[in-house]
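I've put the structures underneath this note.
In what follows, subunit A forms one complex with subunit B and a second complex with subunit C.
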Partner chain A sequence: MHNVRLIARLDIKGPNLIKGVHLEGLRVIGSPQEYATKYYQMGADELIYLDTVASLYGRNNLHEIVKSAASNIFIPLTVGGGIRTIDDITSLLRVGADKIAINTFATKQPSLLQEAAQRFGSQCIVLSIAAKKIHPGKWIALTDNGRENSGMDVLEWAHQGWKLGAGEILLTSVDQEGTASGFDCDLVNAVASTLPIPVIASGGMGTIDHLEAVIKCGKADAVALAHVLHYNKFTISDIKHEMIARGINMRSDGK
Partner chain B sequence: MKSVTIIDYGIGNLFSVARAFEFFDAKIQISDDPKIILAAERLVLPGVGAFSDAMNGLCNRNITAAAQRYAEMQRPFLGICLGMQMMMDESDEFGTHKGLGLIKGRVEKIPDIDADGKSHKVPHVGWNNLLFPQTNTAVHWENTVLKGLEEKTSVYFVHSFTPVPDNPQNRLADTVYGGRSVSAIIYRDYLYGCQFHPEKSGPMGLKIIKNFLAI
Partner chain C sequence: MMLFGKTLDQQLPHRPQKVTYCTKCVVSNQRPRIAFDENGVCSACNYASEKYKFIDWNEREQELLALLDRYRSKDGSYDCVVPGSGGKDSGFTAHLLKYKYGMHPLTVTWAPFLYTDIGWKNYLNFKDKGGFDNILCFPNGAIHRKLSRLAFELHGDAWDPFQYGQKNYAYHMALKFNIPLIFYGESGEVEYGGSTKNIHKPFESPEDYKHLYWKGSGMDELVEQGLECGMFTKEEMQNNPLELYRIPKLEDMQRLNPEMHWLSYYVKWIPQENYYYAAEHCGFEANAERSEGTYSKYASLDDKTDGFHFYLAYIKFGIARATSDAAHEVRDGHITREEAIALVKRYDGEFPQKYFKDFLEYLSITEEEFWEVIDFYRELSPHLWRKVDGKWKIRHTIWGGGVDD
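Let's turn to the complex of A and B:
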């Protein structure tokens, strides 16, 4: 079995690392660089930075944060929030981003995914989907950090995104996000088991059992954690030890 | 102070590669000038994207021959990811395209099905283990860029194509994906090619960078 990636997710507003519940009620956690460095040193496999207000203001403001991260942190960095053009992507790659996550603007202009994948390669383009459950087996995609409803069916949109050239899906359950009550395994499984590209499950980690479930039942290729790391409920090294003990492969020599 | 020249042929992000060498106080020169490339103390060929675009990028800047001549001068050379694939004779990516020919062999697509005939995910993305190549049992990692690393150390891969050297003795380390061995590091004399990104492989990747500076 492949190594499952453990990713620290950093939602950013202005200069601050923040965290909400259901992507709302955002609270300031601290300095992004301080937390990112800690997660790198503890063995995180990747970092994801999301500018939570970028779509609102029409631009991504993470360049300085990404540049200082990439100067001292030598693992893959995914950056998203407010990405609208090829130039937006180019400028973030120049300061050290490895992959770019696109949500809101891709729903309005799906050809951006295609254009970006052709230009930078699929491995560089992550389709970010914030999923809200409507009824069992049916989810719709939210945009603008959960503020707007695109009306698009998540499973259809994920499939279309892959066809257009997205190389990975960052799948956030808005219902579970920040609640620490477990991942939406049905959602993750519905996307991960039908697409030939990796799916990063995000939203809901509260216990080690939750993580095991989303990997074993949800078939997640990677998991993005925020709440449990920011509030120091678990350390990345503890989580990895426990996962390996439960028969899940993870990189463990990263410290 | 160690000096490293990074070849700039118009593709993406050189920032992280440069930073990884600067982490060990190397002096970085980013250049597309054939004279500077030929005179380099250590040469790095990074790469992301399509094989033919990258080779065209070298040709359009008249740096193909300089990189080839440099490689014959017994000085350290490191190809990273696509840069490693470009060290081979040719690639099958979007038609057949000539590479730098520093190591004999071809670059082939990773099959969409694994060794058991089941479909699996391509590109190969994520952390995977460095292994002693089964086809090159005499290999030693001492006195190479892998000095001091243990077998099964994880490094970060992102690729859909894989080089297959004609001579197994050019395989320094493999990894296994979908039940098949794929080259993780190829080498000949002072020339090294890493399929993974040492600059994105955490402390272990930095160790490889440090070793390259010590060659």
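Let's turn to the complex of A and C:
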């Protein structure tokens, strides 16, 4: 079994780290740099930065935040929010991003995934999907930080995204996001078990049991955490220690 | 066809002819009863500064405790009425009173015109997960629809009959169950911009309603017009069918003398924090996607017709739902003014297409009749709207995109 990656997810709005519930009611948590550094030192395997309102406001302003993170954080950085062009990707890679996550614009112009994957390699392109459950076994993809309905079926869209060249899927359950009431394991399993590329499960972590379930039943390759870290419910090292005790492989050579 | 071809909305002549915007948030001077100071700052922003900087909320909580101690029942009988939809704000209010302050609320709900699925689910969660006794009242639907039809044309807002009950129904329940205290969530006038008459008071008087909430007209005027045009029959209006829409009779009120209070006077009112609270304690869920006309998905969710209340505000005042949402988020420090302007630009005035058919059916009007009323109100607002090549265009917006900006 591969190491399961634990990723700290940082949703950014303007200069602030923020957090919502169901991607709504965005509460200011603090400085992104401070939290990112803390999570790096705690042993996070990767960080994800998402400018959550970039598409909503029609802008993109993560450059400064990524640049300063890249200078003292030495784990992979995935960056997303408001990505529309190859130039947007190039400039974020140039300031230190390792991977680029795309949601809203890819739903409108899927060929962007293909162009980006050909140009920069699939390993660098993450398709970010915000999934809203409409009935058991059926989810639709939302865009603009969970505000607009793309009308696209999540399972079909994930499949198409992989075909177009996405190397990884960041899969957020809007229903579970921010609630600390457990992951949508059916959703994660439905995507992860049918695609050959890694799936990052996001949304719903509240307990260690939740994490174990999404890895064992959901088949998640990686898990993104926000609420439990921002609100100091767990530390990454505690989580890893417990997961290893439960027989799940994780990188533990960090601090 | 329009039945009357006139309006009873007494607010319209008071709109300033020159549109200006608050220099701190995004609201304009067209919002009824809002006041601007010499620096161009609106009354709601000025109240927000007080709320965050000057009001001693510990002191206010002491006032609240003293009030609640006076009313709290010893035998478990109801000691306060909490009116509300079961959304985030009434969820917060009822839960705090019951579980933090040990009160015994009877929650009462004046039903929306047409429940949305998410609204109904949240209502059920409110009573089932939040844990409250609740009385849900649907007024006579045939009459309610006619009142709404009349209000749509005569007040430029089909929503008014809901508001009559929302304000007055709680008093009827208070009298019925002998509960002398009524707790509303927030004062909309104080928190979101309007009259400053009650800014330092925990309560208001029902005598204020007509002026503050009912556009200087009211249900009696609607009924009179309805009888005149034959929409209501005399028989239909016999035996007091509209009692619940009205404040109870003076002699009944004097017997119990119920006091109404706003929680927002005693507790710092932050809708976003209420959302967190209600999500945790009352099973409240945000909508699957944003509401039309705005970016938010946690406010004013339960009624399919809500979008038209805001759309008519857009027609009459040139500002709509996104302006209202963004303005109070600026005041609460959640977003900057620039962000707010971007959101207004993107969403304000978007037509509520999703429930258009439901709305027309509910009012029993055609699409043509709908647009006739809309255009009637646009024509009453030449400082806001102008026809360009046969199409109505807004003249001024905060982002400078109006045809006369």
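Assume the second predicted complex is superposed on the first by the 255 of 255 C-alpha atoms of A that agree within 3 Å, B and C clash if a C-alpha of one lies under 4 Å from a C-alpha of the other, contacts with A are read in each partner's own complex, and residues count from 1 in each chain.
Just so we're on the same page, contacts are C-beta pairs under 8 Å (C-beta built on N, C-alpha and C of every residue); 3 or more make two chains touch, one makes a residue touch a chain.
Only a predicted model underlies this, so the values are computations on that prediction, with no experimental measurement involved.
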item: First, second, both or neither for A:147, with subunit B first and subunit C second; value: second
item: When both partners are placed on the shared chain, which of subunit B and subunit C touches more of subunit A; value: B
item: Which superposed partner A:22 touches (first subunit B, second subunit C, both, neither); value: second
item: Partner chain in contact with A:201 - subunit B first, subunit C second, else both or neither; value: neither
item: Partner chain in contact with A:229 - subunit B first, subunit C second, else both or neither; value: neither
item: Partner chain in contact with A:40 - subunit B first, subunit C second, else both or neither; value: first
item: Partner chain in contact with A:57 - subunit B first, subunit C second, else both or neither; value: second
item: Which of subunit B and subunit C A:132 touches, first, second, both or neither; value: second
item: Complex contacts: residues of subunit C adjacent to subunit A; value: 272, 275-276, 279, 285-286, 288-290, 295-298, 333-336, 339, 342-343, 346
item: Subunit A - residues contacting subunit C, complex; value: 13-14, 21-22, 24-28, 53, 56-59, 132, 134, 142, 144, 146-149, 174, 178-179
item: Complex interface listing, subunit B residues touching subunit A; value: 12-13, 15-16, 19-20, 23, 48-50, 112, 119, 121-123, 125-128, 150, 152-154, 156, 158-160, 197, 199-206
item: Contacting residues of subunit A [partner subunit B, same complex]; value: 2-3, 5, 40, 43, 45, 67, 70-72, 74-76, 93-98, 120-124, 167-168, 196-198, 221-222, 251-255
